[in-house]
Amino acid sequence: MTDLVTFGETMLRLSPPGDERVETADEYDVDVAGAESNVAVAAQRLGLDAAWLSKVPDSPVGRRVTSELRQHGVTVDVAESPDGRLGTYYLESGDVPRGNNVIYDRANAAVTTATPDELPTERVREATAFHTTGITPGLSETLFETTRDLLSLASEAGTTTTFDLNYRSKVWDPAEARAAVEALFPDVDVLFTAQRDAEHVLGRDGDAEAIARGLQAEFDFDVTVVTRGSEGALAAIDDEVYEQPTFEATDDHPVGTGDSFVGGFLSRFVDGADVPTSLEYGAATAALKRSIPGDIAVVTPGEVESVIDGATAAISR
Amino acid sequence: MTDLVTFGETMLRLSPPGDERVETADEYDVDVAGAESNVAVAAQRLGLDAAWLSKVPDSPVGRRVTSELRQHGVTVDVAESPDGRLGTYYLESGDVPRGNNVIYDRANAAVTTATPDELPTERVREATAFHTTGITPGLSETLFETTRDLLSLASEAGTTTTFDLNYRSKVWDPAEARAAVEALFPDVDVLFTAQRDAEHVLGRDGDAEAIARGLQAEFDFDVTVVTRGSEGALAAIDDEVYEQPTFEATDDHPVGTGDSFVGGFLSRFVDGADVPTSLEYGAATAALKRSIPGDIAVVTPGEVESVIDGATAAISR
Amino acid sequence: MTDLVTFGETMLRLSPPGDERVETADEYDVDVAGAESNVAVAAQRLGLDAAWLSKVPDSPVGRRVTSELRQHGVTVDVAESPDGRLGTYYLESGDVPRGNNVIYDRANAAVTTATPDELPTERVREATAFHTTGITPGLSETLFETTRDLLSLASEAGTTTTFDLNYRSKVWDPAEARAAVEALFPDVDVLFTAQRDAEHVLGRDGDAEAIARGLQAEFDFDVTVVTRGSEGALAAIDDEVYEQPTFEATDDHPVGTGDSFVGGFLSRFVDGADVPTSLEYGAATAALKRSIPGDIAVVTPGEVESVIDGATAAISR
Amino acid sequence: MTDLVTFGETMLRLSPPGDERVETADEYDVDVAGAESNVAVAAQRLGLDAAWLSKVPDSPVGRRVTSELRQHGVTVDVAESPDGRLGTYYLESGDVPRGNNVIYDRANAAVTTATPDELPTERVREATAFHTTGITPGLSETLFETTRDLLSLASEAGTTTTFDLNYRSKVWDPAEARAAVEALFPDVDVLFTAQRDAEHVLGRDGDAEAIARGLQAEFDFDVTVVTRGSEGALAAIDDEVYEQPTFEATDDHPVGTGDSFVGGFLSRFVDGADVPTSLEYGAATAALKRSIPGDIAVVTPGEVESVIDGATAAISR
Amino acid sequence: MTDLVTFGETMLRLSPPGDERVETADEYDVDVAGAESNVAVAAQRLGLDAAWLSKVPDSPVGRRVTSELRQHGVTVDVAESPDGRLGTYYLESGDVPRGNNVIYDRANAAVTTATPDELPTERVREATAFHTTGITPGLSETLFETTRDLLSLASEAGTTTTFDLNYRSKVWDPAEARAAVEALFPDVDVLFTAQRDAEHVLGRDGDAEAIARGLQAEFDFDVTVVTRGSEGALAAIDDEVYEQPTFEATDDHPVGTGDSFVGGFLSRFVDGADVPTSLEYGAATAALKRSIPGDIAVVTPGEVESVIDGATAAISR
Amino acid sequence: MTDLVTFGETMLRLSPPGDERVETADEYDVDVAGAESNVAVAAQRLGLDAAWLSKVPDSPVGRRVTSELRQHGVTVDVAESPDGRLGTYYLESGDVPRGNNVIYDRANAAVTTATPDELPTERVREATAFHTTGITPGLSETLFETTRDLLSLASEAGTTTTFDLNYRSKVWDPAEARAAVEALFPDVDVLFTAQRDAEHVLGRDGDAEAIARGLQAEFDFDVTVVTRGSEGALAAIDDEVYEQPTFEATDDHPVGTGDSFVGGFLSRFVDGADVPTSLEYGAATAALKRSIPGDIAVVTPGEVESVIDGATAAISR
């Protein structure tokens, strides 16, 4: 039995090395990037038995994704499509004032046609938890329906459902996103949302605590986690609200920070830990990710615990 | 006034360095690749004033293509699209028994929606020659129509029209291709075709000379050039047939050989040279290309002439 | 149940890029290399469910090996040691007259202390086949005993045992090797040996067929496969001898050719195919390997079948 | 008609990757670097039609420069010399306390023999503006004369002349530089100078405003721009003085900051914008440059405007 | 006659490029690293005639070390061993919160069997100074004895002996280290120790000055240098104590800072300079090292003096 | 006492990686290249105590050369010049029909002003042999005189003088070269010349043997070695002529083959071996060089002997 089953799109990420630009670079670094598979990798590396479900083209390009995920021990259980493409995105990074720029080329990916009957739904039913994000239902009408069906069957089977809102303005507009995700919320047990998405997409206001309590009340989540960038995160459960500051971390590799937070949180939460412990694990995993290139948190439990313990960064020899 | 105007799709080519595989490589080399722009670059570098018309996304990815083509002096005159993507292809190369493998990801490129009113058609009317290939009309219904219209208006304006059949089995099947290109042939003055495409797509048989004469007779081309891989090329004009063997060349970088042949041929032909001279220039340019990475013939007139003169490859110092 | 379980040492391979030298290079390419894991990867990629058993240090260096093997789908089931190191080897490659030079740094690797009680022996008992090589018992007295015990328990459990002689002159001398492997032969069902090792280590003479029949007779193997470098391979089974020529292949990446042959052979043989089919698959896998960097045959069934079918290496597009 | 014509030397810049040292590196990154061509590229990318005049050797090394500049859309109109070399410089960069070290190897470059009759002087006459720097007249007696003649004929033709003092202590001493540039000032309309050059070379004192007003008064410039490193810039025009602070920016890639400021300024000023707008554009372009490797500001108008608008550097997706 | 003779182990350092991880990188940068050879290189580059004695395998891997050290002008006088290996270490670097992680693979290096009769002891006798560190006697019983013998014969010959405590927790525990180094102290003239090692290994307490005076008193050193990381260093000599703050420096390349301090100090001290001058030189060399990749201070006297003079890091051109 | 002292120019060689072109590459590999230092390195690595005299700029660029030569153990004894540059050359390599193209940028190198009083002429007097080439006197009038003086003082001191004609058409024309080198011949004991240079520059005809005997007779050399590319070499000494065929070797890295031949020859000849032995060593060293990137023969005596023994290129493990 799998501890955590995830479902979603994973793309090839193409990025010019160092501070180079997409327009002028002669080579691109290749990484594997997907909100749900990022979570699966972090959770697997931190102790869970995690799986990733999706649909990919039956080609070397599709295998570029599946083999990298398997490398981290994640169980890859995907439909392989004779047609369709793999979504890609170009990431360009630079220091101030440039920042990070993402150019999506993800339309018509094979995954956008994935239906439940192509997927190993038994894995979802038998898992302890099922995770997906608000990106997936935005990618196609089919994927909205598949996401809804998977959440529903997980719910029926008693699998805990966790959902990261993860709004992407280059995928859809706030109104579309709100309608879609609110239609899914009845089958969601644990919600993760950035405070800015809660405001911008779900129309919430007030401080983070108010937002968490409001969502909790309206949608009856078991746990509602609100992240606030450099100001840390906060979780509402029953009548309690727990706060977790961020750990000090570089700005070198910010892409994937949020997924690493969720992966770290779930690695403890799905294993039965309480919410404060899970928050702390999530925050430490997110901090480590920021020092690691690519989308994926290549971390170990020992490293996460060192961050929590505040171990210094002196050379260990 | 431009000597040679070309029209077609140009893609990003992503290839693992050296003999690496797409599935396992951590970086891909980035090149710019398009049958018509390859021809434009070769012709420009060899002395013509060449232009490339197309439609690209208004993004760093689109500019990756336009800036590289401009680097070789080609006039880039493209519609920039707020939507749409740039086609890409993955190229994996290996020595025997692996060979070269191409994985296209070119559906829905911005260029597939290009219509004549978006393009600087005055350039076509005023040019000495207009060149496109049998790939372009295969990419979308719109592009078939645009190709037809551009050939037609070139024809009306007295611009010499040149066309490379360039059949791609991953784009369409032979019957579709035949119907489309034969519909375009009435406005074509100079045809380039590989012997295997003439057989497989156009249903021709006999030896290369018979094929050239047969096509000449049926479609009333001014010049019909039939290429035969390592066996060289042959051109029919009026009652004459000229043969041109290949020059000795490595197998290191074969992609783009055909386009370099056409570019080298046109660099002389459009400048008024006779067919045997043009064939020789084409064959020498093609030979040089095989020693140069990427899709593009980064050559000089002096180098082409050295190949024709049979200069030895000793170290020049 | 696993189809094929393998056991042995896997090292980090450090090699200067291109034709550079170990003495002067400023970076080394990193690959993962082990005779038995090479076989496991080839067999897994070609359709079997394969596992690799070993012992590695519990460190990022140990994980460098396990994560790369998992990437190809192999089940990695290893003891993790708090002490001990990972064996490494330096590989320097050059064209004629340099050739390939291997410098081992493998003494005292964690695996040299591996005992059966640290290993998942149930996997061996339940597998269809168990594979190891003549390198493993040469690495330490402990490993000789562990190899013997694993072959013995496999034999008792009815698991087919396969063994590649794989003599390494930098590990031990021929007399030591002969004594050790002949002590293991009673529990071996399928033997692979290079003709030169049969001569040099086992003291055989005559042509390859005579050698195969002689070994068969003396040690009562079910199948005896004798490889002859560029002259192909030959297998004796019952009263039959089958010959298999090599497929044409480059000399670019020869390291790992032999393991790829065994992996390809076993991918069919363990699946129930007859010996001629298995030989052909082995030879085609070996040919493909020679075009692929590293120790590992990153191949697909389709590619192996193309080599068997003699598909040409023209650009496929 | 060209908006902005520039004239000067462009060199190959050879720099060890990352923090490596010239003495020990095994490869050097290759960039194209010239004060005037840097300005032309920035201005072209930001909307002007810009040209660069110079003299380069007729060789692949010369073409290394011209093709990179053409890539950004700049019109390259150069004399090609059968003799002479291309100037190079070695750039070594390191963090504190190392800093950046430049080693010039620019003596006897082909450009040092460039005379007006080798250059397309009609372009200068017909342009809206002509730009050069105080480096050019320091490179040879011939170049001093050519610079003087081009400024003079621009002036006569009604072309606005702009001049960046750009003192280089490795080219000449302050007294030589002062005599030369003051001899050119009568034909200069817009002067750019660093405050430290105004002090050290032109013998000015007082604060930046006093310096600007003093130069304005003495040499009758239309506009006098004084830059003050991290303290921003200031421009005197008629009776007004405008100040422009710098935008926040990294120290990663400082080489080329000054040229980017001038290029950004001219992209608006030559297009008719007022001085405050031009200063702001210059400062934003300079800030962006500091995040981009090489000498050249690979920027877009949208990026410059984002900096001006103070858009945050969060990941845009 | 050599000014400074050093003795100790030098390893290959293997580190993933940039921020990559050992577990996932496909190439490792190769550097040469040894506490004593680092000192020899710094001292040689800063003006001494320095030598390094050791024992290395007679192989390309051994030559990887000796040729890099010779490159800096150091006299390499080593025993070459037909057996044995070269020690290696893996270094993984990352920004906060990751820090630097060292994984040693140094057991059984050829140097661990080095005895005085294999080494050119005449060099030690004839040198002005002899330097080794507290790492060397920790590597094997043989090396403890060899270190003791070399210090003893240096002492007898009137060669100044200098010793850097350099405690390594991955080599031995504090009690073992204390017993060993205290047994060597009678033959040591100049001691270098980090304050934390003095506390942790030698059981000292109080502030740095108290520690220096206490060690001085107990072991009768001529000079006792106590380093305090970012707080600078302090030296006791006779009745005087001199303090030296650190120079401002990046955290980019911290490995080797301590050895560079010692090398810079000795470059002046062995040449006859007083202690304050030597401290200043040491601190400036250490600061420069932090901006330079690898273990070795690739510096020049001019650069060290610029740091001392507080020259700004503006671009020098 | 040095066995072999050499004198000449050494340049930085800048070459695009792989098959890339100078015009389009974004990085150049950096190598150190000089006919005389190439000989010194080969001879040192093969057992002689060799030195290289020259004049280089006192800069990191100059040290780039001296540190790489020292790495191979060569004694570097050079004048360091505050002025002047280091010569460079661009090397572009490609397979057929491209070949190798050299673009020199060597005018005004610091070495062109080197006079005997700047050089350690005692080394020449005390050496067993002194070597230079026909490139050196072609670089400047001063260098012609210095070469003449060094040969003369070597001759007087009883040092064997060896001279490789090494005609460079990009340095001077055949008539100039002939006049210069014939003026030096009276002080030359051993001449190396390519057959084509003997014909083209010295006006010889007939076969290689006739040429060798003719030069021997006219200029009274002790030994006259004539090389014939792939046809091998031949040496005349007294009344004997010895022939040496080439060993089989790749065409991958041909630059430096001739210098490696001379270095290999001298490594034995200066050590007292007879001419046939020296020829064989030279030919084997030259063959190995062709498999090694850069200008320098990074070889060992064992490797040279393996080539002579015809050891196969199978993987040694």
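By written order: A, B, C, D, E and F. Residues from 1 in each chain.
What we mean here is this: a residue touches a chain if its C-beta (ideal position, glycine included) is under 8 Å from a C-beta of that chain, and two chains touch if they have at least 3 such contacts.
Predicted model, so just to flag it, every value in this text is computed and none were measured.
Number of steps on the shortest path from chain D to chain F, with steps defined by chain touch: 1. Of all the chains, the one whose CA centre sits at the greatest distance from that of chain A is F.
Both chain B and chain C derive from one sequence, and where they touch, under half of the residue numbers involved are common to the two copies. Among the other chains, D has the CA centre that is most remote from the centre of chain C.
Centre-to-centre spacing of chain A and chain F amounts to 62 Å, using the average Cα coordinate of each chain.
Each chain gets one centre point, the mean of its Cα atoms, and the points for chain C and chain F are 46 Å apart. Centroid to centroid, with C-alpha atoms defining each point, chain C and chain D lie 62 Å apart. For chain D, the set of residues touching two or more other chains reads 21, 23-24, 26, 67, 71, 101. Contacting chain pairs (ordered by label): A-B, A-C, A-D, A-E, B-C, B-D, B-F, C-E, C-F, D-E, D-F, E-F.
Here chain C touches chain E in the complex through residues 14, 17, 21-30, 59-61, 63-64, 67, 85-86, 88, 90, 92, 101, 103, 105, 107-108, going by the rule given at the top.
Across the interface of their complex, chain B is touched by residues 67-68, 70-73 of chain D. Those residues of chain E lying in contact with chain A across their complex are 18-21, 23-24, 94-102, 104, 168-170, 254-255.
On the chain B side of its complex with chain F, the touching residues are 71, 247-250, 252-253, 284, 287-288, 290-293, 298, 303, 306-307, 312-317.
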